[in-house]
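Structures are listed in the sections that come next.
Two complexes are shown next, each including chain A; its partner changes from chain B in the first to chain C in the second.
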Partner chain A sequence: MLFTSYTFIAFLCVMLAAYFLTPKRAQWITLLVGSYVFYAFAGAWYFVFILFTTVSAYIISRLLHRVKQKEDEYISSVKDTLGKEERKAYRARSKKKRFNILLWGLVLNFGVLAVLKYTAFAVTNANNILALFGKEAISVPSLLLPMGISFYTFQTCGYLIDVYRAKVEPEKNIAKLALFVSFFPQIVQGPISRFGELHEQLVAPHKFDLKNFTFGVQRILWGFFKKLVIADRVLVAMNTMLDAPENYKGAYVLLLVILYSIQIYADFTGGIDITIGIAEAMGIRLAENFDRPFSSKSTKEYWRRWHITMGSWFRDYIFVPISVTRPMLRLNKALTPKCGRLVASKVVAYTARTVTWLATGIWHGAGWNFIVWGLLNCLVIIVSESFEPLYKKFHDKFPRLTSSSAYGVFMSVRTFLLMSVIRSLDCYRNVPLTFSMWASMLTFKGIGDIFSGGALELGLGVSDFLIIFIAIAVVFVVSKISDIREKLYQRPVLSAALCVTLFISIIMFGAYSVGYDASQFIYNQF
Partner chain B sequence: MKKRIITGICAVLITALLLVILNGLVVPKYTDNAEGLLTREYYDEAGDHDVIFVGDCEVYESFIPAYLWEKHGISSYVRGNAQQLVWQSYYMLEDTFRYETPKAVVFNVLALKYGEPQSEAYNRMTLDGMKWSQSKIEAIKASMTEDEALIEYMLPMLRFHSRITQLTRDDFKYIFNAKKVSHSGYLMQKGIVPMTSAEEQGRNLRDYTLPQTAMDYLEKMRLLCQENGTELILIKSPTNSWAYWWYEEWDEQVREYSKENGLAYYNFIDDVEEIGIDYNTDTYDAGVHLNVYGAEKMTDYFGKMLKENHGFDEIEHSQAVASAWNARVEEYYKERNE
Partner chain C sequence: METVIKMLKELHPDVDFESADGLIDDGILDSLDIVSLVAEIDSEFGIVVPAEEIVPENFNSATALFKLIERLDEE
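Our next item is the complex of A and B:
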């Protein structure tokens, strides 16, 4: 059930009504039932996987808790009789036991994800190697990827790690845990929530609050606006270029790269706006996933503003743990006397970062393009970091230039273009083709064609480009106004007028219905 | 709080009003293609017809109700549309029986060749003009192609919103009322384009069995007429272009069905000479459809058959009905002789 389908809109209306009409104690049950109904639309077979994740997470988290509880009880009972070293040794043994349990949980859940998502990719690559040796190819299995599996697996594994780290108390009621795993607005494309932030809200009673509801509906409309008016309209031109990339080289590649950035931004942030809006209407606050990423002045900053919950997940559950693993600590120790503390710590950090970005790339999809995309992002960040002293010198030498707003705009445009170019790996989905397109882009051939009517042969007319341009301008202006909803809430007439305009704009200028390829949200695929 | 609620209600009302206006603006006006307006015109004349014609383009280009009245005193209406599928004819008939009970229903069998939904554009032209009823909903459900949605028939602007950037003067002119295009369902074509490919025949088919879905709806149509005491007459109009070829094998199946169920079936393809149709002067599109001159001959011929074989020789009408039909005849000739 796509967010932009009529079925979903009808489902959402019923769901919101049911949620507020249910007695408060049982609201979370309505939410769970609704989430499962939503999931059932994707396919009954997928239930097996989400139930497996829920049940395994429940068992593992309870086991982790029991071992921890035993440890604490034992330590407190022998506090006066056992020595510090013995207590420490006991704790270490208990921690190892918990780690082994956690490992089981992670292997089981990531294992399912890996098998379903990466088997075909692995077999295809194995076949390429076998072909080199003249061996017969293995048949490539075609496995269906359950809806939202990357998101709920990561969210659930985050929960297990938090339980292991004793950051959260494990849920005693499996149905309540099931709701955390399957909460319908966020299951398809995130944000990836933390148990500590979301769980209590999901099971807590919520009375109807006009302000929350209004804000929620506004946010949902805003999401639909971005998705239907901008993303799906831009998609038409992109598809024309991607269907025959050999016909769209030179400056057209640059156009595609820019259009894809606009499209993915409107698509993904639109989807997240709908998700957050639905939750908000029910009184549940989800983590924000974007913070004006295209205004970033560096790649590092960009990744702090784009897909924030994914970035922080990888930071907290992969980057940080890897940085303090024994091999890393040993590497640091070994390098410090030879290269100095700074270089040693940088080597450790860069290694951990490379692994993290490799994982990020793989998470995005089973393809070399995603792996190269992850590694290129990592390379750019590492190079930027390495050049930081040089930048500082430059900034110190030309303080007036570097503090000017023009320089700020230059840095933002530079970051936007760099990120857009790297992102096109996801667009062409073929590494050699992408590289050849980048080479072609640098020739800027055909730039005249684009402006002398070529752009109008991409499936979009003048009115389409005008709609896209105005819609982007609206998004830009809105992003510049801080606390816009609070300000509007103080002026209900203006707020209502803008909502009506937004609604009518979506209906009239949205790219939907017969004639438009009803595209799913890009991040649904992950 | 009170102010917010009032503002909210006003916003909803304004939105509804804007949607009504915008809906009126963006729905197609079919000013270049009058076929999209045929269905809705029926409701202006609904009630008290002796004969109702149902079917595809072959009925609304072959039978002229005004001419049938003038020559034979039989009142009729053509509920036909371009590529009107059998189930659409069935539901349109169901809809018709809500307004009147004709003595006979004449169904053109060419559409029996289709067993599945065909084209969104034709669906919209046929169904959009129907008044809302269970029949319309069922007709939509049976006709929708893969990408269509029922709600887009309920709120046509959801389908046609992209026309907002292509509005013409006609969209404003006919925002809430459509142009009248037919003469009791007959769409007049005065052009003359002789048939150029008389020797060409339809391509060979792998299977000549008429689709079961189509035959099922024909049976439903028969039962519906039976329930209402209306005679169902099956016909095949005389045109037989290679593009819309009527095969002997199909004809055999319809003949067998009509025999089994005691229905009259007339295939006019072989009666062209007797009817007096000349394919050099009586078609407007090289032999695919009859023009007004051909349709007059066909109507007259069929009127005689109705009188001779189906008891239409002794029908009487009130003065009011007669004067309404005389006015329609006048209108008909006005356009014909323009």
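Our next item is the complex of A and C:
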């Protein structure tokens, strides 16, 4: 059930009405039933996997909690009689036991994800190697990929790690945990929520609040506007170029790179706006996933502003744990006398960062393009970090230039272009082809063609480009106004007029009105 | 506490660590510094800082870091 389908809009209306009409203490049950109904639309077989994740997470989290409880009870009972070293040794043994339990939970859940998502990729690559030795190929299995499996697996594994770290109390009621795993607005494309931030809100009663409801509906409309007016329209031109890449080289590659950035931004942030808006209408606050990423002045800053919940997941559950593992500490210790503290720490941090980015790439999809995308992002961050002392010298030498707004714009444009070019690996989905397209882009051949009518042969007319341009300008202006919704809430007539205008714009200029189908959200495929 | 200040000073000699209380929030310490500090705490005090303790609250000031080391030593 796509967010942009009439079925979903009908489902959402029924769901919101049911949620507020249900007695408060049972609202969470309505949410769970609604989430499962939503999931059922994707396919009955998918239930096997989401139920497996829920049940396994429930059992593992309860086991982790029981071992931790025993540990705490024992330590508190022998506090005055047992020495510090013995207490530490006991805690270490108990922690090891908990770690082994956690490991089971992670292997089971990531294992299912890995088998379903990456088997075909692994077999295809194995076949390439077998072909080199003249061996017979293995048949590539075609496995179903349950909707939202990457998102709910990561969210649930984050919960297990938080229980292991004793950061959260595990849920005693399996049905309530099932709601955390399957909450319908966010299951298809995130944001990846933390149990400590979301769970209490999901099971708490919520009164109908006009302000929350208004804000939620506004946000949903805003999401539809970005998705239907901008993303799906831009997609038409992109698809024309991607269907025959050999015909669109040189400056067309740059055009594609820029259009793809606009498209994925409008698509993904639009989807997240709808998700957050639905939750907000019910009084549930989800984590923000974007913070004006295209205004970032560096790659590092960009990744703090784009897909925030995914970035923080990888930081907290992969980068940090790897950085402080015993082998890494030993490596740091061994390198410090030879190369100095800074270099030793760099080796450790960069190793952890490379693994993290490799995992981020693999999470995005089963393809070499995603792996190369992850590693390229990592390389750019490491290189720019290494050049930081040089940048600092430059900034100190030319303070007036580097503090000017023009320089700020230059840095943002540079970051946008760099990130857009790397992202096009996802567009062509073929590494050698992407590299050859980048080489061709640098020639800027055909730039004149684009401006002398070539752009109008990509499936979009002048009016489409005009709509895209105006819509982007609207998105830009809105993003620049802080607390816009609070300001509008003080002026209800203006607020209502703008909402009606937004609604009419979606009807008139959205994908429904120009004869092509609303496409699936990009991140639904993960 | 002196050792903690010394460890921090080695990373950023120009920062007044006695009074600074937003080392992470203000972007003074980055991930590279944290990796370096965790290794240094291991060498100096024989304490391994677990991943769950690597949160801004524990690294925002010299005092917070000192308290973390004391707590981990005590546990």
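Of note:
Here, the second predicted complex is superposed on the first by the 521 of 526 C-alpha atoms of A that agree within 3 Å, B and C clash if a C-alpha of one lies under 4 Å from a C-alpha of the other, contacts with A are read in each partner's own complex, and residues count from 1 in each chain.
In this section, a residue touches a chain if its C-beta (ideal position, glycine included) is under 8 Å from a C-beta of that chain, and two chains touch if they have at least 3 such contacts.
Just so it is clear, the model here is predicted, and its values are computed rather than measured.
Taken together in the superposed arrangement on chain A, chain B and chain C fit without clashing. Between the C-alpha centres of chain B and chain C, as viewed from that of chain A, the superposed structures give an angle of 170°, to the nearest 10. Look at A:62: by the touch rule set out above, it reaches neither chain B nor chain C.
Once the two complexes are laid over each other on the shared chain, residue contacts for A:485 go to neither chain B nor chain C. Applying the stated contact rule after C-alpha superposition, one finds that A:346 touches chain C and leaves chain B untouched. Judged by the touch definition given at the top, the superposed model places A:503 against chain B, while chain C stays out of reach. Of the two partner chains placed by the overlay, only chain C lies in contact with A:324; chain B stays clear of it. Of the two partner chains placed by the overlay, only chain C lies in contact with A:332; chain B stays clear of it.
Shared-chain residue A:91: touches chain C; no touch with chain B.
After superposing the two complexes on chain A, the closest approach between C-alpha atoms of chain B and chain C comes to 40 Å.
Note: no residue of chain A belongs to the chain B contact set and to the chain C contact set alike, using the contact criterion stated above.
Within the complex, the chain A residues that touch chain B are 6, 210, 461, 463-464, 467, 492-493, 495-497, 499-500, 503-504, 507-515, 518. Residues of chain A touching chain C in their complex: 84, 87-88, 91, 165-167, 316, 319-321, 323-324, 326, 329, 332-333, 336, 341-342, 344-346, 348-349, 352-353, 385. Every residue of chain B that touches chain A in the complex is listed here, in rising order: 1, 3-4, 7-8, 10-11, 14-15, 18-19, 22, 26, 120, 147-149, 151-152, 157-159, 161-162, 164-166. Taken together, the chain C residues at the contact with chain A in this complex read 10, 31-36, 38-40, 42-43, 48-52, 54, 74-75.
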